[in-house]
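Quick one: the structure is below, and I'll ask about it shortly.
Should a chain be cited, it is by its letter among A, B, C, D, E and F, assigned in written order, with residues numbered from 1 in that chain.
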């Protein structure tokens, strides 16, 4: 029943998300010893203008 | 002041969300004994390509 | 696969949490039309000294 | 490494989000005594039709 | 109705949390223009052995 | 700056959490192509009496 939640900058392809779900699930299963079918992963794409670090918007610090 | 947060597949109508907010609030009030005015509900619609289970994207397992 | 997450003040009994899980799940199933087995509920108990509203700690506003 | 997460109604401008990230980071640094560079802020815009309080959708209670 | 959620290392005093709630609320009100009474803040204390960065537990990187 | 958040049943050892942080970070780096130093992982241990599925508390369904 474990839940893995990922917040990352918007922009990954479905192919990258597919790999992410597969690899995070494998990592969890190996480290914590659970049935892979019970693992859920929820991905949240975050705009750079919705993410701040060091007091600055990422869209200002790391423009595309 | 309780907060209820819902993550579910994208695709519910506003009418379903209206019912969801009403029913979840009633359920909380009945079970936990609080004033309904204090209950907040935040709904997050998740794309099937952002949700994984069993190591696979839901968009692959349950295509529309 | 829906996930319901509840944050509330610490202090509910296991009996209240049991009722909460049952009733929130029923509410979700009725409003959104999913299989109850797919619904997960995660409860987080929050200390009043970890919850603020209106700029004040709940432990100051609502002492036990 | 602290993480500040904000959920608010959709509709703020990038300028307001820029101010929000700067001010929340300053507030955190002043109150908790950490290096500002370590503070992350993630903003989530929520539609009024995804937010309920008192059992009602905010889009019904507070139409635009 | 905005919700501010803070995750930080365990160890702050109630006095620091009181200041944090007050200052984060003020920051939000100033930047986003809402009524302070509507702002909620939920603080989560995280053990260093529950926080990783760069692939390492914070309890290993920054022992007390 | 990605954030990975894990919710799982309480009971894993620090050694398992250390492996979890390392493996989830590697999985993320491989699938999404970021610098490992930027990846944060926050683990939340959840009591079985705070987790429900199928309308029942996990502490009732899966007693220790």
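Keep in mind that, in the parts below, a contact is a pair of C-beta atoms (placed from the backbone, for glycine too) under 8 Å apart; a residue touches a chain by one contact, two chains touch by 3 or more.
All values derive from a computational prediction rather than experimental measurement.
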Those chains which touch chain E and also touch chain C: B, F
Chain whose Cα centroid lies at the greatest distance from that of chain B: E
Copy pair chain B, chain D: interface residue numbering same or different (half cut): different
Reference chain D; chain at largest CA-centroid distance: F
Chain pair with the higher count of C-beta pairs in contact (A-F, C-F): A-F
Where chain B and chain E are represented by their mean Cα positions, the distance between them in whole Å: 25
Centre distance in Å when chain A and chain B are each reduced to the mean of their C-alpha atoms: 20
Numbers and ranges of chain E residues touching at least 2 other chains: 1, 3, 7, 20, 22, 24, 26, 40, 42, 51, 53
Chains touching one another, given as label pairs in label order: A-B, A-C, A-D, A-F, B-C, B-D, B-E, C-E, C-F, D-E, D-F, E-F
Partner chain F, residues of chain D touching it in the complex: 1, 3, 40, 42
For the chain E and chain D complex, residues of the former touching the latter: 1-9, 12, 16, 19-20, 22-24, 26-28, 30-34, 51, 53, 58
Complex interface listing, chain D residues touching chain A: 14, 17-18, 20-22, 24-26, 36-37, 39-45
Residues of chain A touching chain D in the complex: 7, 46, 49-57, 59-60
